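Just below sit the structures, each encoded as structure tokens.
Two complexes come next, and they have one chain in common, chain A, joined by chain B in the first and chain C in the second.
For the complex of A and B:
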């Protein structure tokens, strides 16, 4: 069997290599010379390294062989210009005012307006269109933060991605609206998707970005998304990643943040469902007095798998990073947390704190959690803590002894366990909705078949009711 | 109200309760005293329905029904309350919401509609004053960061809110200073009614100066070896548990 699996991996690589060669013209149609050079080099990296495998330390706990054994179609065609985006997606979170930016099968969906320039100077549009229209910005940032050499899937993305979302916020602009990126897949065959996003914040700018991943159909899908995010001097980015994919979906979400002096990034990834999810948060603090808050919450069951990889590069002095990841794993679900903090030699007075807490509800569920602190400076405060446990039997009895059913007592304890990650969400409407969705998920009522991850009430417009009223917790 | 007959209980094969007999009638306060490790807390847990105990013999009749087959939550819904010796901290869950959930689940069990919000809040206010609770306590997470005294007061506050028929207070006096002890005892006394009953489990006689029991039992080595009026507690205080040990 072992040989069979290897054969399958080889096949997909060979297939993608074939696509890259045969459809070169189509894939590179929007490339500038700069982008084309990146692409060619990245393809070499991928060709050399191949798909990640369990012998690599960072992939030890996540086995891709099964999902790579499927046959996929790569590089789907762009949607037609007549596409009515409202017909495939409508976000109905109450009072959640967002500037919606939609992607369909990796393509910027609004084909009529590939680039939008706002009165405040903000630019939002298709990355492929930006290659041509904003070559200076592209050359300054594109492919500069993503790590093709050590993540072969990132290299594959650089080689094969055709489009994605481009966001540019000029200096001294506070974007009032929440920008919501929605990545929808709707394809009649198994789809292998490489989507690429680039977000650039100038100096003294502020942006709240909500990134949703959802699917419409239920075919087998492999989504390999890479986002590069540059946060300029004294700018702040408040970022959320909401993942509610079906069990047939593999989601590889690699985020590369690059922070300048005095900047702040807060990124919170909430994973409610998904066959296999791997989130990489790669943060480099290149200027002093920066801060990064990296949060994550995962609720997995059945045979789902979640892998959170965090790498925080403290490359400058006087920076601070805080990580808080919490997860509940049920049934046969498995998880990985790898928290790598690297404090470079000159990064004196670094504060870096990391916490990962897990609850395993069954003896078949598993979590592999690993803090990894690499410290080359001497004036540093670092801490890390990882826990794995079950629901506390004494607490369960305590709650039940007040008349609350065992099922609800468990939900109450699980909710109490994850509530602090939800409370980190600073957009009140989003926090409320996530709160509802997490409760639904804990009650086993959340389906992932609806449209947006935020769209859970499409078919039940009444307020979600719980036997336990958790609303005032 | 409660009738325990020849109750034998073991944990992992070790017999802890070796044939307990206890009759508690409505309107009564019983005290169960005894040295450490004689099975007082085990008795409280078994009555309240904690799992992990093996009942090899006997029965517990509560309001005419053998409750050994009932879950902890069903017993609570039938009107049982256990005040914990070590109340559990539940971070992230406010006392207000915890109690409203508990009350509504109990009401549902009894076929009643959820308690109206105004009525619930009015009851909270009334009972908070009874226990001299700080205003902000009710909005805090259940027992999180509470002092020992606050935790015990919170137990009696929950009891006041849930209005059980039978309350078992397990070492409620332990870890209390004299002021907290007085408040807790006053609370218990004020909640006394002809149609409810209380079992006070305690190591020391001190609490019984404030809560006057109708009957005092001495639990020793898994058996009730002596029962009597409130004077028995005084005798115990005077002569110590050695006296029981020698007699039994």
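For the complex of A and C:
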């Protein structure tokens, strides 16, 4: 392509720079001086680095150029104060009680009550409102864990995000309910969205968090979400991420976890559909005796692309991390896995294990996996394994020889392959729901969601079963 | 026990380089620095044909457009390419017919290296081509080999005597613009070895090359080209040493292997360039491009390497599996100590159907060294039913060293299986305790464990080399290996 032609096509970076300059007052309306300073510096980072490209080591195999060539609208206006979120979105998963926190086009949806304080002291609300209301918490945590300097999209998010969800769990509080964050996009044009979340767990607290991404309409959307999660001393966080977006959606989901001594984090990302998904799980264990479990499951087909990036920083001794990522890629789908375990110099007695297993169903599908260890301490036990293969022909033959059709035999084997990630879900109702979803997905019944990732399977209130006579086997 | 271990580790980190002598031989050197004239000087010195000069010049021009790669996990001060002597040869007064005519100093050098050419010739039945600094000094066993039609000679002789073969295969596996160091080598390579095994011949002896850098401020840029024609077999060995010097010396070699239908090439390396002193001063920068191509079906290329030397190793012996049913293997033990840095691994590119590859890499890091495995396994769409198994393990001795693994795996079809596994650990106290309670000293126990750890690779070395490799391991990790 000649230089002249390149210049004549739409330049998203230029557009965003324009938005940042022209609508500065609008974007920064809730900023404290602290936030404003972060914003300005982050924008510099982004201006310098630009959008990530495939020549960057962390972006190998994921090419954004196609999705960046669309024209987007950035920084949408907040929803009106009268918005009744129930009218556009409803989540009624049977037997799954959650405390629903919704976001619409990046804005905290409940415009009447921007901050809710619960009897146990937990605070849930709009991040923009928290900027002003809780400056101490914000200054202690906001922008502290996210890595603006090496991920330019995170820098862009810091610079341009206007709102998001703020959750604070005080010391010694166990939150009984499951907290469910739902990010809804409903916009009549192509949307470029930067949403930002901040979750803070004090000491000895416990939280279960379910994060769903969802779209109402089917315009081209680029969602760039950054979440910072601080897990205090001896606290526990169970985190689930459910992704079932349509093929026009690009979802860049960057999670930055920071763990103190004795804390444990379990994060499980399930990607069932989505045009282009990139999940970054960046975990830093800064205190000893903490543990992290990172799980992922991806079932992609058509021209979908999934990229899972995991960076586990063992910065303190006596910590443990376990990673398990499994995926099935069909049609022209492509996948990237990049697992990076870094054991710092004094992080002795570290145990870190990593596994990535992939099944390719067609010759058009591809996978690029890089399980990567960087170790500077000697008293460690680290291992990683990666496999790429296909369904076991002998197992397939065995099942077929028992009179089960080839299609069903394949479904069974695929289900068996991914089940151990589903079984890591510790909330029984959610595990059941995900199990159903995966079964439907494998049967080819579940395409992109009409509504919420959990909602689309609520028509039948019974367990999804394969109609396969297992007694034959 | 802790104390014992510390003593042993101290010994490990204090061990000396035993090949650090320097031989005073009259040298014929090119002027310092690199420009087109240097390239022309080398070419003229070697009385090369026009096409080879063109090859060198185009590589040189290409090199000017390239930048030094920075992705490897290594750190070093910038290399001053203009301060290097690109050609240094022992002065040859006349053609040598027998070993007696070789400079006695040189013979002494080889004796110190433990490769007495005479003895090798008579006893071990190994054909040796020794390359000192830049020039191949003596090739033994040529007569026996020529009976079978095997060509084994220095690269310059091959250029003179077998120009067609050289022209046909040189640069066909590692193109002159392949990478920064390959381009540099293609421009200024001075000598090396050439080996051609004709159709259906199983080379009766193991071929061996010794490389030694002797002169100060020189770089060594040798080139090895091995061609195994249909159904041929050869086992090829390579060893390297250098004197102790305070400054860093550059070694940028190229090894190309071509295996035609049904051919098999086994390439073994024991690399023991001077690794620098305990403070990390001096040592060889070893930036080597090694690649083989399994051109025909059912061909096989196997790399085995024991890497104990060099201040910096940057080397990825690779196999391009072009022919259907071809096989690539890579077995490696890399030991780093003191301030050594190694970034080494393998590439297996599966292009043909039913191709198989195996990677076994064992890294041992001690002192303040960094040891990285970096590998690529790529299976393209048409490489149906391909199979790869990779295993790369790291052993850490001491708490200031680093061990890293960067495996890149890419698969593009659904009938292939790629498996990769890696572990990193230290010698466990349980293992040591078990040995000790059976009356084995800590030192012997560590030796036992390290030997067992590396065995999977050492057993793939030819016998003559396996002994030497074990000795080398012992020297590199002196005190910890029995």
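The working rule: the second predicted complex is superposed on the first by the 449 of 473 C-alpha atoms of A that agree within 3 Å, B and C clash if a C-alpha of one lies under 4 Å from a C-alpha of the other, contacts with A are read in each partner's own complex, and residues count from 1 in each chain.
Throughout what follows, a contact is a pair of C-beta atoms (placed from the backbone, for glycine too) under 8 Å apart; a residue touches a chain by one contact, two chains touch by 3 or more.
Keep in mind it's a predicted model, so treat the numbers as computed, not measured.
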Partner chain(s) touched by A:256 [first = chain B, second = chain C, both, neither]: neither
Which superposed partner A:415 touches (first chain B, second chain C, both, neither): first
First, second, both or neither for A:402, with chain B first and chain C second: first
Touched partner set for A:385, first chain B, second chain C, both or neither: second
Chain B versus chain C as contact partner of A:394, first or second or both or neither: first
Chain B versus chain C as contact partner of A:376, first or second or both or neither: second
Chain B versus chain C as contact partner of A:348, first or second or both or neither: second
List of chain C residues in touch with chain A within their complex: 71, 379, 381, 394, 396-426
Footprint of chain B on chain A - complex, ascending: 392-395, 397-406, 408-409, 412-413, 415-417, 419-420, 467-473
Residues of chain B that touch chain A when the two form their complex: 48-52, 71-73, 75-77, 80-82, 84, 87-94, 96-106, 109, 141, 158, 162
Touching residues (chain side chain A, partner chain C) in the complex: 57, 61, 345, 348, 358, 360-363, 365-390
